[in-house]
Every structure is written in structure tokens, then in C-alpha cells.
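Below are two complexes that have subunit A in common, paired first with subunit B and then with subunit C.
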Partner chain A sequence: MLGILDDVRLIELSHHLTGAFCAKLLADQGADTIKVEPPGRGDAARHEPPFLAGPPHPNQSSQFLAFNTNKRSITLNLETRTGQRLLQGLVRAADVIIDSFAPGYLESLGLGYETLHQVNPRLILTSITPFGQTGPYRHYLSSDLVEQALGGALIGFGDADKEPMALPQNQTAITAGRNAAIATMAALLYQRATGEGQHIDVSIMEAVVQTPPGHIHQYSFAGNNVARGAAGGQRSVMDGMHLETQDGYVTLTTAGTGGADAMDAWADFLELPELKDPKFKSRQGRTRHWEELRELVVGRLRRWKSHEFFKAAMERRLVVGVVQSPAEVVDCPHLAERGSFMALDHPDLGILNYPGAGFLADGENPVTGSRPAPRLGEHNREIYTELLGLSQHELAQLTAAGVI
Partner chain B sequence: MKQTRLLEGIRILALEQVMVVPYATAILADMGAEVIRIEHPEHLDDRRSGPWPDNIPGEQWWNEGGTFAYWNRSKKSLCLDVYTPRGRELFLKLVLLSDIVVDNFRTGTMERLGLDHESLANIKPDIITLTCNAFGSTGPYRAYGSRARTIDSFCGLSSISGYEGGPALRASSNYMDHTGALNNAFLLLLAIYHKRKTGQGLRLDASMYETGIQSIGPALLEVQKGIVQERTGSAHPYWKAPYNVYPTQGTDQWIAISVSSDEEWARLKDAMGQPEWACDARLDTVPGRWEHRKELDRHLAEWTSHGDHVTQMHRLQQHRVPAGAVYSASELLQDPHLEQRGYLASIPPEEATNSGSRRYAGRAFADRPFHMPKVETRMRPAPDLGEHNQEVFRGLLGLSAQEIARLKQEGIVLDRPSANDLASPPQPGSGMGAAL
Partner chain C sequence: MSRLPLSGVRVLDLTWVVSGPQATRLLADLGAEVIKIEGRNRGDQVRRMTFNPRVFATRGMFVYFNRNKLGVSLNLATPEGKEVFRQLVTLSDVVIENFSAHVMERWGFDYAGLQAINPAIIYVSMPGFGHSGPNVDYQSNGPTIQALSGQTFACGFPDMPPAGWGYSYMDHTAGYYGAMAVLQAVYYRNRTGLGQFIDLAQLETACSLMGVYILDYTVNSRSLRRPGMPAGNRSTHPAAAPHGVYRCQGEDRWVAIAVSTDEEWQRFRTALADEVWHQDPSFATLWGRLQHQDALDRHVESWTSRRTQQEVMRLLQAAGVAAGMVQDPAQRAEEDPQLQARGHIVDLRMEEAEGGRVRVDSLPMTAAALPHQEYRPAPDLGQHNGDIYGQLLGMAAGEVDDYVKQGIF
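Coming up: the complex of A and B.
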């Protein structure tokens, strides 16, 4: 257990997923992360289906559970004077706030960066919003789909002859959350060197613009927009199209042949001399004759089970993929041996395997802590009494008054 | 406000290819780290990848590719063959002067070269190493290779991507490289933080497969409780309607509209001028709209098809309805919001200090999506091949001119592509968009 960030305290004033994912990346590395939620309903993500035990339940949303590991939860009504005063108390003891409110909302509560900076000059405020703190769209409303659209990613996904197809599972939150974590880490290095905080402005739209592989410079250099279908591998038999095996689908590439002609290597491996036909040699040729090529290749692939094919091809240094379902991923022997998942015990749901840090440090999974996502207000008592020094009596009063 | 070159003084040796590590070190280079990209004199694939300025590879095409420039901006280039004993020896001398060594070779390559973490830590105990490949350095698949799109397959993202009722589709092109690269940048900053706190180095072992599974965490929890996510194209999988992309005037023009509350639905009706089909009490609740979502989508598609996507977006947003034009790159380059925020980056002509950047100065690149008032994060030109050979060999390692000349003769150091590469320049029009 490294606990790289165990000397950092972070307050998450966020709802939905982007800020939560950013804070989770830091919390999993040991940052003491306090998630501040409105009393009553809590974070909106608590109410997003599906719910792991079936019926709607604020502690059982899969999205909330996945993105809030190793955090503590308190409830606090920021729209009350007392709530604002209590938050300032937390700010005094914090290094970072991650917020995802609309631009101007914290200012309207008297909790804007300038005020918080006076309370704690070391404070880093990482604000993550759909369009950023400035610019003509800053008050526009958004969603994962709207971000994928405006960020220029959506137009490239899906079939050329159909409507654009969104990526599933809120990838805009993932990509913006990772960027926000990078910026926050940079600000922590700056803070440790100088004692000063700063206000970081993260735009989800801009994070999406950055995501597709170079569509901006493709246009500014070569003058063309990347066509839809190109990214989806349609008609690319040898480069990403899903191809049937006996028990599923695999994807092929022309990589890994060490400079040898890729089609020759595949012809040998699949025992398909037809693949050496010059018409399949270039990418353009393979696209032109894709149906014939697909039929040839799939004819052979149907003799294989996906994972057996994968191992045999990879041992020959060909590079292939197996289209795995989430169930297969959870059961993957490679991930098990690497210790990629963390098993967390949730009081309502029992032990589940959660994706870990995404890397090993000095040979071990570096995730510090073993908390599943907190129940709403689960840590009110310890944080308000131990960190802010409220008495039990004051806590009870504030709870009754709806502040906590 | 004065901005700091935050990572000035940190030296990174980068044995890196394609994107998943180069893009990570580029982010650190923009923040002031000195990233020395070690390039093999005969493996110039990254410099062959285009796109080319005005679609034409120039006389020094190896310095001019847009994708190379994007993934390697703000770095230095040292052309050195670490597979030779003398090359390896020089590399190890540089390690003594460096903080971080990164690579994305297949598992086993750094060991074979004697450049694995343990070997480096023997001579530089506080060295930080990051290795990132498909499956990581441990586990049964550790020696296998990948492309970003095979990781899409492995991690589960592709299996849940696709149109409603249709087959799974490859989810993206390079998304797994992208998300893996962001993770790698985060890890390097974590390691720097760790070293400043403890004085200790760190061995980071990252895998694209694992950043992939992080990206679909909810689906992985769901399946452990028997919940299987259906493919729904752009539609919402559970409850929001209308929530989809709708055709607008023009060829391949679309608008995304997403309604998640009764208030937003009422405002959408206002924006449309209360058409008869929408004034239906069945549609006034979340469950009602979800039940009738196909019908809603049909009507809305008919309504959107009479206007253009950008005008409709602004009109809907003025009515406080979440809507976004489905932008292409050419539209992003003209978008007033991004322009006002100064989002897109380019190398200004006066900063085009080398052969490559003189050809692509002024051309737009996507930039970082965060603004930090106190940390400078400015893109500088990508290096010409071997541009920093002299600076590194003479300045850092103190080699004489004769010694450098001998290294050149022996083929250990170069500053031009090999004869083979020169004999087969890339084709006009080649590059990412064409290659995909």
C-alpha cells in the first residue's frame, strides 16, 4: 500500500459522474476524499439506473458505486448560511475541492474561488463543467450525448450509412475526469512547491475534442474530415471488423509481423494461400474486395474457439483481439492473476470486484483503502465531530434543521 | 498572472512509439519537463504517419507529419540505437542524469536490453520507470501485443457498442490509446509527487487493458449481479427520452437532443411551438416518454429535418433544452465558443524553429482541456529527427566532435532517415484519415 496521496485532503462537491471519477482516481491513491452531498436525495448519480439489487435504491446505483470508491460521504445544505459556514471550515482543512456546479453557482452562495482562497490560500479548486467557465456556451445545458456530439467525436462513430452512434457508459465523464485528475496533480505539485492554490477550469467539451485520433489536425493539415465508419472498422476485415468464430467474435490486425508481409503471415497461419493474392495486398485492395476476404477468413475462423484462436495467433506474434462481454472480462484469468480488480464488501450488496487503479506500482495494486461507495451521509458523525469539532448536540440540531 | 514551467528540471528518457506513452510525455513536456525521445535510426514508423501539410509529404517528410507533431510536441529528439552495446552504454549515462525512463515495448524487451527497472535502479536508485503495453508486465497474456482497437475488444467496450438490435461494433479507433495515455500522464505526475515526498523512485507497470476496464466500471459491476447492458446506439439505455441524434438539413448533418426532466420536455414543446403530436398528456411524464420513445423519436426527427443543426442547437439551448450540433472537425475549427476560449493550439510562425514546424506553423491542433492560471502548458514544436543529438551528446555527455562523428559512421547515431526510408517516402495524401 503506497498511499501516494495520503497527505492530501480533497472535498468533492460534485454530482453525476465526471467530478466523481476524477475524485475517485485521487481517492484510490490515498487522498482523504470527503464527498459533500445535498441532504435528502444526495448525488444525482445515486438515482441513475440500473440498481444492483433490482429496485431503485440510493446506495445501489451501478454508476454511483463504480465511481465513488474510497470516499466518505457527508450531507450538507450549501444553500443555508450555516451550511456555507461549515463548508468554509472544511475548506480550511482541505487541499483540493472538485466541483461540477454550473459556472457562477458557487459565487452565488458566497463560496466563489476568491472567497475560498481567502479562507485557505493553498486551496486548489478544480471546476469541471460541460463548456468551461467562460465563452458563449458556458450556460448551455448538456449531457453525455450532447458532449459527444459537440466535441466532434460522435460524427466519427458508427456506420457510414446510418446515424452516428454514441459510445456507451458515459465516456465523456471518463475522458474529462482523467484530464481533471492530471490538472489537479499538476496543481498539487505547484502547491507543494509554492504554498499557493489556483482555480482550474476543465471543459468536458474540450476533453472530447481532444479524444478522437487527431481529427483536428487531420483537417488543418490535409483538409478533410475523418469519415464515419473509418473508426468503426466496417469493411476492414484485417483491421478491427468483428469476425465470427465458433463461440463469439474476434478482431484481426496487420500488426506484429515484424516487417514481413502481413497477408503472407496470415495466409500461413490460417492455412489460406488465397490471402496471398495480390488483390489483398494493399489496404485499398482489401477494402475493395472486403466481402470476399471476409468470407475466406471467417470460413477458417469458424473452426476456432475465440480464446484458442487468440492464444495461437498471439504466440505467433500476430496481434488479435477477442470481443469479450463484461461477464468474460470479470472472469478473465489474466486480470485475476494481475490482481487488477479490488474486491470490496458493500453492506447491501456483498463482495463485488471493482476495476482497480489500472496499473501496478512496484509490482502491486496500489489502491489504498477498501471502502465501497459510501451510503448517503454515512460519515456525518466522524467528520462533523472529529474534523470540525461539533458536539453531538450541535450535530443533532443541524440534522433536524435540514442543514446536514 | 505569471505562469510557471512547472516541471522544469525533470528529465524524461522516452523509448516510446505511437500514442499511449508519447501522448502522456507530451502532456508533461508542455508543462516544462525535458522529454528526450530516443529514436531508433531505422524505425521511423511514427514519422511516416502523416497527415502532411496540404497533403503532400515535403522534402523532409520525416519532420512534418501532423500526428507525429501532435504526439511529440515540446520534446527533444535523440537518434540513438540502444540495441548496440555502445548505444546502450550512452543511454545508461543519460539515465544517471535523468528522473524518469518510459517505454511501451512489449513485455520482455527492456529486460533483454538490460534496461528494466531493476537494472536502472542499480545505477540510479531513485529512478522512476513507467512501462505501458497491452496487458502489463505480469499475468498470462503479458507477452502479447495489441493495437488500441484490439483493446476495445478485450475490455468489453466493443461488446456493448452498437445499434439497437444490431451486432456489437468496434467502438472506436484509438480511444484506448487516448484513455491509456491520459492515465499514463496521471501516473507520471503521481510518481513525481511520490518522489518529492519520499525521495524514492517507483516502478509503474501500466496496461491498456486495465484502463479499458476502468472505463466501463458500471457495466462490470452490473454483470456480477446478472444485469446485462443492451446495445442502444445513441439512445439512452434506461429512461431518458427523447434522447438521441436526429437528422437536420444537409448531408450527414445531425443534432443531439437529450431531455431528462418534465421541465425540459415542457421547454422543448415551447421551442417547437407546441405541435399537436407533442401536446399529449401521455408524454408529460418520464415513464410515459420512455414508453413512447420510438414515436417521440420519429416526430422529433421530422421536426429537426427542417432546420440546420447549428441554428437549431442555439434555438433549443435558448429554451434551456440540452442540445448539441453533431460537429465535424471543420466545424470545430470555426466554433465561436472554442475560439473565444482560445482552445485550439498551433505553433506561431515566430516559434517555428525547426524544419518540421516551419511547414506546419499556424495549423490547428486539439489542445489540453484545462486552463491552469499558474502553470504554463504551451505546445512547442515537435523535434526534427536527431535535432538534439549535439546538445545531448556534447552538452550533457561531454562527447567530443570526433566521438560523435565515429558514432555516426558506425550507424549508432543518425540525423537523417536510413537509405531504405529515403528510398520509399510516404505517398501524397497518405496519413491518418486515409489510413483508417
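Coming up: the complex of A and C.
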């Protein structure tokens, strides 16, 4: 077990998903991560479905559980003077604060970067906001869908004759949270070398700008203004589209034939000599004749079951995918043999299956902690008494006053 | 140049195409010295790819992914080439590649081989299926990984076949994860003196984005695809209506609108001014709007389709409603005031381009330790052979020339 970041302490002030994902990526590598939640309701994500094993419950939202592994939870009302003073105490003991409040909110509480920097000059404040801390849109209201729109991912997804189609499941929050974790790691390296902290400003919109399709460089180098349905859409039969088999869908590509002409290889594999027609040779040609091509290929795919097709084609060095459901992903023998998933024991829900870090380190899943997401305020006592030195009496008073 | 977070870190970059070069682009932007190593005859195949054969036949995508890097040519199939690589490994912190699983092993440079040369080396390998498991010998690319990870299954409109995440979503995402793994490994090496082997299976990276679905399935055992799911552009959590993408004036012009609470709905109504349909009491509550979502969406689109994207966004944001234009690359590169104000779109020097510059997006994070600086253009194949082999390894100029003639460089 590596525990890469087990000499780092971070405080997560974020509400909702993007800051939570950033903190999770660092917490999973061993950083001591204290999640600060408002007393009463806690993180907004605690109240969002899908809920696990029953009716809505703030400790059982899968959104919350997925994004908050290996953290300790405390409650703290930042809108009280005492709450602000207690946070400053935490700041003295922390390397990193992660926040995803609207620009200006922390300043309005007397907890802006300048103040926090005076309290702890080594502190890294990582702020994630929809549009960044500066610029004319910084106070615009936003949402996952709006970020996908303005950031430019949305225009490229979906079919050409339909409206643009969003990616599911808060991918903008995930993408920006990942960027914030990268920036925080860079700042930690800098802090350890120089003793200096800093304020990192991560924009969700900018995270989407760099998400394919529709890259700015494709436009500025070659004048391409992305079209929906071109790559991965309905017209790309052999280049990423999803095609029916007997029992599901598979994804075909023209990659990986080791220099042989891809369409010749597919023609041989599918026993479809028609695919050798020169009109199908280039991607442009295949797009032009996509309906004819689709009919030919799907006619053959109906003879196959998805996973048998996958194995047979991959053994021939063709590159294909099966459109797997979450059930198939959880049961995927390849991921199982690699140990990609982690089983964490939740006190209320039992064993939960979590995806790991996204890579293995020295052959093992590098997620070192074993905590599922915390219950609201689960660690108030240990953090307020052990880290900040409050007495049991003070803790009780602050709890009664709604500060904690 | 000011100190950057990865100043003093040397990366031997054997990556090609998209996912690996994306990782090393980020490392170079963060200050690492990235030495891109390519075969003399083939080079990174992206050098030959192009979006438009008439324009920048050998550049384009390559320039974007390989800015700020140094370029050397090296034939790793020759004994002399292997010896030169060994010398580079002794002087480097990180080796990174995205070949299929056994390529480095065949050259004698798997992790054990690299460790024997430099015990503290950080080795990052990024094949689609990783270095273990039954599919280890299979190849992959963006769309197949997206399909296998469950991402594709989760995307689309209700009662329609699964839709994709475009072509190369995971190539890019894996690149970011590769960069993050390097940053963490360098941090750990600085603490402990120990290197490590990062085995980054793109399939595993894709699964790490799917935690909510994995949990929902493992505990609730229900299918993600059920009536009304996946929800397309509608939002079930949090519940919201109107929530979608609506047509505007102009060809293929759209706006995204997200209204959730009843308070937001009242603000939305103030922007509609003289319209009457929103007074319908069945729309007054979130529950009612969810029940009558088809009718609601038709009304909203009748309003947006008579206006430009800009006008809809401006009116709704002024009223306090989350709304944004569905922007295409040209709009982001040329017009977007937010990206311009933040300096996110920068010019990259490129002699062949009109005016000697092209526009690209910069590092998507801003901080004092990450100053925006002039990016160096991507290297030509072997452009820095003299700097690296001559100055770093101390080879004589004549020797470098001989190696070029013999096909070793």
C-alpha cells in the first residue's frame, strides 16, 4: 500500500459534486480529508437520487456515496462568527482547502484567500466554479447542461438530424474536479519545494472546452467546425457507432489491423466481400454511404451474440467494443482479474462496490483508505476535540447553538 | 523563466497518437522537460493525420498535443539505440508510453528492466486494457473503451439505442489521469526516494467515472435502462423542468436551459414577458412541470426559436436563470467573452500559419505557480537531437551524425 499523500491534510468546503470529486481523488491516495458540511442538511448531494436500498436518506444517496470515499465528515456553520473562527483553526492545520462556492462567497464570510493566506502562508486554496473567478460570466448561473453547452461539448454529441445530446451523470463536475486535483498536486509539489501556497482557480467551462469533440485546435488549424453524427454518431457505421447484435450492441472501428486495409479485414471477417468496394474505403466514403453500409453490417451482426463477436474479432486484431451495462461492467472478468473495483463496508448498507483510482500502482489498486462515504457529522467528536482541542462541554454547547 | 511545479523533472516520452501525448502535454505545460522520442521512419502517426488534407498536411493535431516538448529520433530496435536510451533513463525521472502491453518488454524495457537502470524511475504505461487480465493482448481505442466501460450504455434518449460519447472522449480523459498519476508519483518519489509502476488501463479509468451507476446496480440491482431512462437532456436528479436543449434562430443554433425549483420557475416567467402560456397553473409547481414536460418543452422552444442564442442567454441570465448557448468551436475560439477575458485562448507560434500564429486553448487551471507563458511550438522529428545527444549525453557532433546515417537516430 502506497499512501502517496498520507502526509497531506485537506479540508473540503465544497458543496455538491465537483469539489467532492476533486477531494476524493486526493483522499483515495491517502490525504487526510475533512469534509465540512452545513449542520442539518449537509452536502446537497446527500439528498439526490438514486438512493440505495430504500427511500431517500441523507446517508444513502449513491451520488454522495460515490464521490466521498475516504473522507471524515464534520458539520460547521460557516455563516456564524464562531464557525469562521473554528475554520481558521482547521486552516492552520491544513495544506489544502477545496471550495466550490460562487466567486466572492468566502470573501463575504471573511474567509477569502488573502485572509486564509495570512492564517497559513503555505495554504493552497483550490476554488472550482462554473466559469472561474474572473471574467464577465463569473456570476452567471449554471448547471451541468449549461456547462456542456457553453464549453462546447454539447454541439458535437447526438445525431445530425436531432438536437444536441448531453453526456450523462455530471461529467462536467467530474472533469473539472479532476483538473482541480491535477492543479492541486502541482501546487503541492510547488509548496513542498518553496514553502509557498497559492490560490488555484479552476473553471468548469474551461474543463469542457478541452473535452472532445469540437476542439478549438481543429477549428483554428483546419477550419473544421464540428458536425454532430460524424464520429461515433449514426453515420459512422465502422467508426464508433453502436450496432445491434442478437443480444445487445457492439461498437466497430477501423483501427488495429496492423497495416492491412481495415475494410478488407472486416470484409474477410464478416464474410462480406461487398465491403471491399472502393466507395467504403475512406471515412468520407463510408459516411456518404452510411445507410447501405449499416444494412450490410447489421445483417451479419444479427448472427452474433455480443461477447462472442467481441472475442472473435479481437482475436483477429480487429478493434471492437461491447456496449456493456453496469451489470456487465461489475461482472467483467478482465476488470475482476485486475482488481479494478474495491469493496468497502458501509455500516448501514453493507458491502459496496466502488471503481478504483483508474489505474494500478505497482500492480495494485492504489486506493489506500477503506472508508466508505461518511455519515453526516460522523467525525465531529474526533476532529473538534483531537485536532482543535475543544472540550466535550464546548462541543456540546456549539452543537446546541447550531454552529456544529 | 519562473519556477513551475514540475521544473527540474525530466520525462522520456515514448507516447503517440492522443492519450499519451495529452498526458505529456499537461506535464510540459506544468514545467517538466519532456523529451519526445520517435522512430526515425515512422514518427508519431499524428504527424501524418490531418483534418483537412490541404492545410498543414503534417501538423495540425500534432502541434496542439506536442507543444513545449523537445523532439529526438531514436531507433530502439538497434543495440546502439538501446544503449542511448539506457543513458537517457539514468538521467530521467519518468518514462511514459501508451503502446500495447508487451512492446516495452520486447525491447527489454519493462519496469524491471527500467528499474535495473534507474531504481527510482517512475514508469507509466497506458494500454487500453492494462498489463494484466484476460484481455491484456487486445487493442482498443476511444469508442470501444467507452462501450466496454458502461459509459455508452448510460448515454442517450429514452427508448432509443445507446448513443456514444463521440470518438475520443476516453483518449483525452486517460491523458489527464496519466498526468495526475505522474504528479502523484513524483510527489511520492520526492518523499521516499521510491519510484513506481503506473499501469493505467484506459478501461479502468473510464469505469472510475461511473461510480454512481455501479453503486446503484450493486445495491438496487435494477437496470439503468428502464422507462424514461436514460433521460437524454432531461434531468431526473435533481428533478428539473424545463431542462433541455432548445432550438434558436439560425442553422443548428441551440440554447441549454435548466430550471429546477419553483423559485427559478418564477424568475424564468419574468423573462417571458408577454407570453401567456406560462400562466397555465399546471406549470406552477415542479411536480406539474415534470408531469407536463412535453407540452412545456414545446412552449419553451416556441419562445426560443424566435430569438438568437445570445438573446435567450442574456434575457434568462438577467432574470436569474441558468442558461447557456450551445457553442461551436468557432464561437469559442473567436467570440466567447469569458474565455477571452480569462486569457484561456492563446496564440501558438506556427510559421506555416497565416500570421505565423494559431489559436489553441491553454492549461485549464489558473494559479500564481502556473503563469501563462509563451508556448514553444511542437518539435520537428529529431529537432533536438543535438541538444539532447550532444549536450545532455555528451556525444560528439560527428558521432551524432554517424548515428543519423546509420539509422540509429
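The rule we apply is simple: the second predicted complex is superposed on the first by the 399 of 404 C-alpha atoms of A that agree within 3 Å, B and C clash if a C-alpha of one lies under 4 Å from a C-alpha of the other, contacts with A are read in each partner's own complex, and residues count from 1 in each chain.
One rule holds for everything that comes next: contacts are C-beta pairs under 8 Å (C-beta built on N, C-alpha and C of every residue); 3 or more make two chains touch, one makes a residue touch a chain.
Just so we're clear, the structure is a prediction, and the values are computed from it rather than from any experiment.
Asks: Clash or fit: subunit B and subunit C on subunit A?
Replies: Overlaying the two complexes on subunit A (C-alpha atoms) leaves subunit C and subunit B clashing.
Asks: Mind working out whether A:Glu206 is in touch with subunit B, subunit C, both or neither, as first, second, both or neither?
Replies: both
Asks: Would you sort A:Gly363 into first (subunit B), second (subunit C), both or neither based on which partner it touches?
Replies: both
Asks: Mind working out whether A:Arg283 is in touch with subunit B, subunit C, both or neither, as first, second, both or neither?
Replies: Touch status of A:Arg283: first partner only.
Asks: Could you look at A:Val237 and tell me whether it touches subunit B, subunit C, both or neither (first, second, both, neither)?
Replies: It touches nothing on subunit B or subunit C.
Asks: Thinking of the overlay built on chain A, is A:Ile383 touched by subunit B (first), by subunit C (second), by both, or by neither?
Replies: In the superposition, A:Ile383 contacts neither subunit B nor subunit C.
Asks: With both complexes overlaid on chain A, does A:Gln63 touch subunit B (first), subunit C (second), both or neither?
Replies: The answer is both, since A:Gln63 touches subunit B and subunit C.
Asks: Examine A:Leu123 and indicate which partner it touches, taking first as subunit B and second as subunit C; both and neither are also allowed.
Replies: After superposition on chain A, A:Leu123 lies in contact with neither partner.
Asks: Using the superposition on chain A described above, determine whether A:Leu106 touches subunit B (first), subunit C (second), both, or neither.
Replies: neither
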